[in-house]
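As written, the chain order gives the labels A, B, C and D, with residue 1 at the start of each chain.
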């Protein structure tokens, strides 16, 4: 059942390791089959080294276990909340990658200081607010998704494929699981370069809007000409 | 004699290398068999690359050699002092990992700036005082254990599985040797992210207490739901 | 056709990966055969892991495709512009390497703080201005080359084999493709050491001019005595 | 001729690569046979990947080529000057390792902020002055050795096995070539941790003298008890 998606999700999880984005069992990637209303996600707390495609867990949109021998990632309710509202995304990645997490902990947005950023994120990478005590107690993982959605009231998820959850870490998404991991990697690189840029010049300004737009549209949308047809 | 524990301690020492926490022959991990009152620990100054399980050294709680062809780690008296007072721990790891050591050298506690920290350490990671000249001369390694214990007068070792010794480096512990190394790794990651968070925002505040408690209890204690049953 | 140059360019592109200068499909290296008026360059957006020598693209000096099954790198017009004006260079490399890019984003030149720098770059590594909106819209990649040339009005490309494009990233060049990548690597190391030097001493001065000249001429020009004859 | 020493020097040079201390062909290690008055050193500008033991170069104490098919390292006169004055050392290593070089570029000594430092260097790691223009022109590499010797007027080379040459990079030494490389590695780790400690606390003080002495004498001298007999 959903063998292709399970393989995709499994491989995308291993890419988190390959790209140096995770430590121990941290992090998770999921993918959605919107026709079936099913989500495949990494099991909770399983070693990446021992994990196989058969360890992937399938749940429905309400989080009910559909297939799999393990508990799904404890962050599953966050993924479900995002899939429900961000209707055009096909995969979600979560990691505590070092530099993106430093920005999340410092509660600082990442301004667009260069074209590496502009190539992938159409503007400042946003930070959520902290969850309230009530939200934390009631359903922590669900409300983690909710504060992201709240922050995206005026943002387009497909043009801004990631967010920093305050005091926590990044979530990124994409058209499929692999694409969501790619965005986690880019976010990490962008965060490291932004930190070092700030150390060199604390009054650094964002690049001109017309360069941001140019770079973003080189890679995305109808006028894209980066890569192959 | 104690073959299983020797294997555990041996493997845990190699994990210090695998995780990039040690340089040259630095660092050491031990494990205790409380029923027998025996501790297994890495030999002093032996290359990790050449080390085998048979190089592990067994000592009793007073540090007397019980089995092994080498001198035990020169830090053995610190381990013994901690095992005596922290009666619920099964393994101890010591390294001079780069970022945790930077905090130890700067004599700065690590505040809880994010959930990566909260997932593993229930509050600020403490720093000891410096040893006095008398303590240093009399029995340096034993008093290194003593200043840790002094610092833990109001802390619970199982909820705060690590410490920074001022001007020295971290010690961490856990339910077994491997768990103690895992806590060294997490401490190192947490330290690096805390440093970078501070560079981004020197007035950064700790995460709300209710989020700290939520994250710590997701992974620890009766209400834990991270990982598998 | 141009098999030797294609092999050189292919290998030089892989060195970007080997030296840790690129992420994903970022970066590109080209080489020129001035007798034939032809440039070989990496295809746009192709995985380094899957790329073979046959994926290289050959264009003429006007950018017209001469051989190859893929679109050339989207940065090709920048390369062409540089080859046209910098008549003594044989290869060009472009990457978003982390520390050099941080300087580019901070719009800071890299002063010569040490002999590592002086061994390879005869003075401060320059930064361009930002492109204007008109330039950006009209022909972004061509004008990226133009702002570099403008910045080199009083600089000698062979003695200063690299530049930081404001808000973007470095371009480097050399006598052949491999040499251009070597200069990208050196620039990255020099940038990292300059950042860390500044963190240690924000009022750091450049090394004396006579040491800069001595080191540069140890490795370059008629009095060079580094390396073998 | 001197086969054992050539092997030692060759292997020690490869350790520079293994420990991540060098880029491209930078860096060099030498060893001395004091009975014969001969020094073996890395050839100038040769790739580490292709280098074999037979590429090592033997020179006499005046720098005259005794055996070998290549030019010796361009830094050979610095090594010779040090061997002449530091009569108890058996090996010398030179690299442009990133963090030690950052301190050299910032012209900052490395104070003893922790026991990692105290275990290997008996006090602050010194910085030389810049060479004068006359010295630079007359015999740059020889005077690089001279400014080191000048700086060591009141220091004991065996207790302080390294130095930072202002605006250049570190030189370290030891009882044999391998030991000199080990000291380069430790210096690099110590430098990185010192920088990060300073970022955390710019008013950080050195560790108490009695702890420095204790740690240094744990590993060195008649009362050493680290490692095996």
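In the analysis below, contacts are C-beta pairs under 8 Å (C-beta built on N, C-alpha and C of every residue); 3 or more make two chains touch, one makes a residue touch a chain.
Everything numeric here is computed off the predicted structure, so don't read it as measured data.
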Practice task
Find out how few touching-chain steps suffice to connect chain B with chain C.
Solution key: 2
Problem - Touching both chain C and chain D (chains) - result: none
Practice task
Write the angle of the rotation needed to overlay chain B on chain D, where the fit uses Cα atoms and the result is rounded to the nearest 5°.
Solution key: 90
Completion exercise
Per the C-alpha means, the centres of chain A and chain C lie apart by a whole-Å value of 32
Fill in the blank from the handout: Averaging C-alpha coordinates per chain, one finds the centres of chain A and chain D separated by a number of Å equal to 46
Handout entry: Per-residue multi-chain contacts in chain B, two or more chains
Key = 198-199
Handout entry: Parts of chain B lying in touch with chain D, wherever the complex brings them together
Key = 23-26, 43-46, 70-71, 74, 96, 98-99, 101-108, 130-131, 133, 136-137, 140, 167-169, 195, 198-199
Practice task
Report the residues of chain C in contact with chain D in the complex, numbered from low to high.
Solution key: 113-116, 182, 185-186, 189, 192-194, 196-201, 204, 207-208, 210-211, 214, 218, 225-229
